[in-house]
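Structures incoming, each one as structure tokens.
Shared between the two complexes below is chain A, which pairs with chain B and chain C, respectively.
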Partner chain A sequence: MKLNSLIIDDDASFRVFLKQLIEKHESLALAGIAENGKQAIELLREKSIDLMFLDVQMPDMSGFEVLDEVKNFDPTQVIITSGSSAHGTKAFDYGITDYLVKPFTEERFEEAVARVKSNTRGTQYTTTLINQVLGKVLFYIHTRDIQDYRPLPLRDAKLGYIYPMLTANLDFGREEKGLDILEMAEQEGFLTSSFIDSFYTCNNCYNSYLFFRETCPKCQSADIESEEQIHHFPCAYVGPVSDFQRSSDPTALECPKCKRTLKHIGVDYDKPSIIFTCNRCDHTFQDPLVKAKCNVCNSDIQVENLLKKNLKAYQLTSLGRDAALGKVIIDLDENEEMEDIINKETFHKLLSKEIERKKEALFESTIASINLENISEIYDSIGNQNSSKLVKEIFELVNNEINRSDEVVFQSMVTIWLLLTEKGVEKATTDIQRIEKRIKELVDDNYDNFSLSLSNTVKPVVTNKTASEHLQELNEVLLERS
Partner chain B sequence: MNQQTEVEEEISFDNLSFLRVRPSQTFNPSILENHDAIILEYFGRHNVLEAIKQIRSHNEKLVYITPIFLLIEGGNTEDSIVALADGVIEKLTNLDSAASVTRKIISRI
Partner chain C sequence: MINFFEFWNQQGIDGFIRIYWFYFLFEFPRYIILDFVFLLIFKLNNHFNKEGYEAAKENLWKECPLITIIIPGKDEGSNYHSLIQSLKEQTYQNYQLIIVDDGSEDDSDIIGRQMQKEGMIDLFLKNDERGGKASASNLGLRYARGKYVIHLDADTSFYRNAIEEVLIPFYQTENVGAVGGTLEVKNSDASLATRFQSIEYLMIFTTGRLVASSLNILRIISGAFGAFRTDILKELGGWDVGPGMDGDITLKIRKIGYKVEYTPSAVCLTNVPPSFRELANQRTRWSRSLVRFRLRKHRDFLFPSSQFRLLDFMAIMDNVFYNFILNFLWWFYILEIVINFTPHMLNIFLGGFILYTISKFIEFGVVPILSSNKSDKIGLLPYIPGMTFYTGFYIRLVRTYAYIRELFFYDSYKDDWNPDKTSKAAREVEDQIDSVFNNP
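Right after this comes the complex of A and B.
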């Protein structure tokens, strides 16, 4: 996803310099250029800007005056560009992301953009955007008194469907977020829904422009041909129709085994199935692999791994109406659930407390990590959304296996950290092995032809080491193994 | 006909101010703050879609919530694009229905 960037500077040569930097940066897209504060405000009101490079001193107004004017237009991030560092303190009071003193190097520019990207990955940006967009949608439904807020088919849309107002507020690359926003709004009670239809999207880029075709299960080539299969009752010969066709008269069928002429379908022969032949590897088979090629990202996906999306019509609830009118605050947070799962900070705090507790009393505690060694293979095939679902399932499973006083988090998508309180290494090792067994059963049962490999590290919690040192040890063991 | 030409005409009807626009690449939705509704000429699906997107994605409430009517005097139209608007106008001499819809929307803002 590229960040829509806006240049605001009265210096023509600097605008050209910055334009070149933005255009060649893989994470940025130039959305506009303003020569003064007035133009900047106009562009910020019109467009959805993720990042502005703002000059502090301009003839018509200062950069800070621009920020005062547009303070309600979140979630724009700001990089101040200035000839001096004199305004630094004031700038950071405005909550800017970075401050570049002209002239600056390309490396310094990269560093500032990296900081912006790091902020963007956080929840604040997404959450603010989601809440803003939902506010608009609810207000739109209310002002139009729409009884059924329905999707409209549109070939230009990423999903093939758009919702009025909603999709217009999402960049093409984020259009699939619209369905998530509506689902979250339903969960929060702003909307109710009724099912309309379902469709499938690419599990990598969420596009619904897919080319479905049958492929060879052996070499994956789509260059395959199908033929009806014939079962000749009298001699029990079974083979493709071409085996029965005579070169002298292709319309007549003769059994290659008993040389009798086939007369009546259902009486002396039948066509029980279709047989496929691969033109690339000559493999013959009855069950082709159905795959979908994404027209956008070119992923070639087994249809079982496509993402199924439900299309719904939505109705405004009284709570939704109040939210539309600003009587109720809209505060959705899509990352809340995953934040609980992948949360190293909380784990670190709890481990620190456990170390302190151990200093006060005599008992044993253990930390452990479980590494899901080859689970990335599954993540690659099922896409981001289903990967998150799988992580949640594993998280819930592990949570059910441990005591209430114990703690589990995902350190990353492949590594689980556990804190087993008041339990020594020996007992904890038995528990970890049981948990590993359950995880393996869950994954192996749900993914055909896949065998999950796991490894673990179990260490005692000791009082002469900090929480960071404990966790560093766990990571070092993992690194040594990899 | 030059596709870049943007026709802008203010139409007063029944104490409402409609802005008639032929959407183009230079369309600036900020001007809608001073009007009750916009009448977009159905002049190329891409231009119409883009204009609607610009209006609905605007940050100002008075702009993004503006009633949009499509002026369709013939030719091919696409149902989904028509459904994105608040109504269709076939003749500028008859704005009764558009005025009624506009009043209803304004009353709920």
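Right after this comes the complex of A and C.
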């Protein structure tokens, strides 16, 4: 996927120079050129821009003023191009990725672009990008006058299907995102849908290229054999078909018990069941475990844990038509709920405040961590999406258990941090134990044959240490234990 | 009352014996004398054979063979948990547990599969098509890996040492093919019917089978709790179509020359029908199988043939005579008394009641001697007088009805205990046995 780039500069010769560099670059696409700040702001509102080459000194306004005007634009997608290095500090304050002092070499340019690209990869797909791709899709549906925007089966696609225009705009690694984009667009009212089919994907890497096979429930080997059982009515003998086959005449069936020849199924015998045997561990069973092996990431998944996706055909609504024509702004907000849950920074800030507060007044506060020691086993078996759901559930549960003034975050998928205000270690410990009990109940009730083990650390908040030191201590205790 | 004493004074001992000739001729020698003689023999035997028993026990533990527990059944899912719990408590733990679900229509398979997943059952097999209890047992047998097979009903529970005890006879005597355990009633307190059955199980099954075993004429190992040598079962091809498959397999094991033992030390508890109506159905089924298997399928036992052996003959004769012939003779006896002593019926009835009550108390006397759990048997004492009516009239009536129906109408082949397909096929096969037998 190429980055849509915008040039903003009042110097015409530099604009031409930069245009050439962009067109030559394999991961950049030129989306527009602005001669001044006003034009730039217009273009930024109209188009979806991934990268901005911004001049600082322009006749109508400065580059920073442009950034102030378009508040939503991510400053990490900006490269400043300026004749002077004087604005370096200011650019740094804005969080701008790179600063090119004219004139610069092609190598230096490449380096700056690479920095932006690595930023983009880090934040994955930004809201802007999703909106942009959707814009393209809506436009495509509208201009081609497609009544039913249907997926096409394609063996090489990650999901086994592509949506024209949509899938091609996504990396192979993120093709499954296309379904989410369409889903969001439907919720937003741009599209309506009708069900076509459903399919399953790997719960780890979202590929739908899966190998299904029956496996031994004991040793998970796929090296198993099945045989039909015969029940011979007259003598009540029951055994696999091979018991009834004689080497002299393989087609005839003869009862090993009463030596009669079997005549007719349903009259003197029937086949009441099928029995499997495992060639590896010699286990006998009737209900093989059906597992799906992902061709890409090699995960071997129980079919119950595969992700089910619905495949739909989409129709453009009048709102969608307006969006395609640019009359309505496409502004999908991909809710990254996990950000609220796994958020060390906020916790760090709150803890700092608490330490400050404690300096002013006399009260006790406590921080604690709860470690979900073996929960990774569950994460491994249920896949990313369901793991996130589980984390959310635990998060909500803990949130309900604590006071409003307390704070909880996940430090990682396995460790929970808590800040318990105006509570001493002793009282906090009983609270933590209660919370642990609730978490264990939740997890154990939902996952058979699993018993969650937890451990906790409780420490008082003290004024002579910084927030970082406090948190480091929590982690150290954890590390020592493991 | 005066009348009563006067009447018996007149009759004297001779008259007493004359009137109750049925009791003194058949029942007293069999149920009182024989029982106590053999109880004495058994006790003496045990006393002098204590070392033999201890040695056998030691050998069992030395070898500690893998055994297979087979539990066939339909719609028994609700019993699995308590059953497995009971097995977990056993002193003998080296077993492979196979549960066969014979075409259940409830959630048994869901329960069973889950338990297999959790490792509580080694092998849970389900036949989607119901095939009858024999076929279910045979399917389990096909996948049995143990040296011995223990065949259980799903609604039973066990004394903690039951499995260990039922295996010991294999190590005590040579050439043992099968061992039967003792059945006691689990739901004894449920109703009058279950109390009577409780007494009946204790007297008839415990004592009766002990005597039969001492005489080497044991003819039935209960399907609810029996142990078999796996190789013999496999040689025989497992069980034949029931009802009465327990008795049938026992006879077949005897036929090929193995001993069949009984041990009063291995006790399992089972639920019995709680009402007289359900009890009648159960007993009708049992009684039919006497006709079907003793008089039809295995009638070769009764006649001199190449396979004839005296003990087998006695085993069958004891059964046929006491349960079948005497059952009909009883009605003749009643008729005889009614005709000859019409005016004295009340006195005779009263006297009979007293005689049988005393007799039952004496019979019951052996129970505490054999039983390991004596105290709870005391509670049954007040019900013993009622046994006169229970065994004297109720059971006899049910039996007579069943025998006649089976003799003339072949009811057992219509019993829904088996699916039609197997009953039909079994009848064809058993008819062939008949014709082979008639035209040598």
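In this section, the second predicted complex is superposed on the first by the 266 of 482 C-alpha atoms of A that agree within 3 Å, B and C clash if a C-alpha of one lies under 4 Å from a C-alpha of the other, contacts with A are read in each partner's own complex, and residues count from 1 in each chain.
Heads up, the rule we're going with is that a residue touches a chain if its C-beta (ideal position, glycine included) is under 8 Å from a C-beta of that chain, and two chains touch if they have at least 3 such contacts.
Note that the structure is a prediction, hence the values are computed from the model and not measured.
By the document's definition of touching, neither partner reaches A:110: not chain B, not chain C. In the superposition on chain A, A:168 contacts chain B only, with no contact to chain C. Within the superposed three-chain model, A:65 lies out of touch with both chain B and chain C [touch as defined at top]. In the superposition on chain A, contact of A:233 is made with chain C only, not with chain B. Applying the stated contact rule after C-alpha superposition, one finds that A:46 touches chain B and leaves chain C untouched. In the superposition on chain A, A:143 makes contact with chain B only, not with chain C. On the side of chain B, the complex with chain A involves touching residues 28-30, 49, 52-61, 63-65, 79-81, 83-84, 86, 104-105, 108-109. The touching residues of chain A, when paired with chain B in their complex, are 42, 44-48, 72-73, 136, 139-140, 142-145, 152-154, 156, 162, 164-165, 168-169. The residues of chain C lying in touch with chain A in their complex are 103, 113, 116-118, 123-132, 134-136, 138-139, 142-143, 236-241, 245, 421-422, 424-426, 428-429. Those residues of chain A whose C-beta lies close enough to touch chain C in the complex are 217, 229, 231, 233-240, 243, 256-258, 266, 268, 270-273, 275, 284-287, 448-449.
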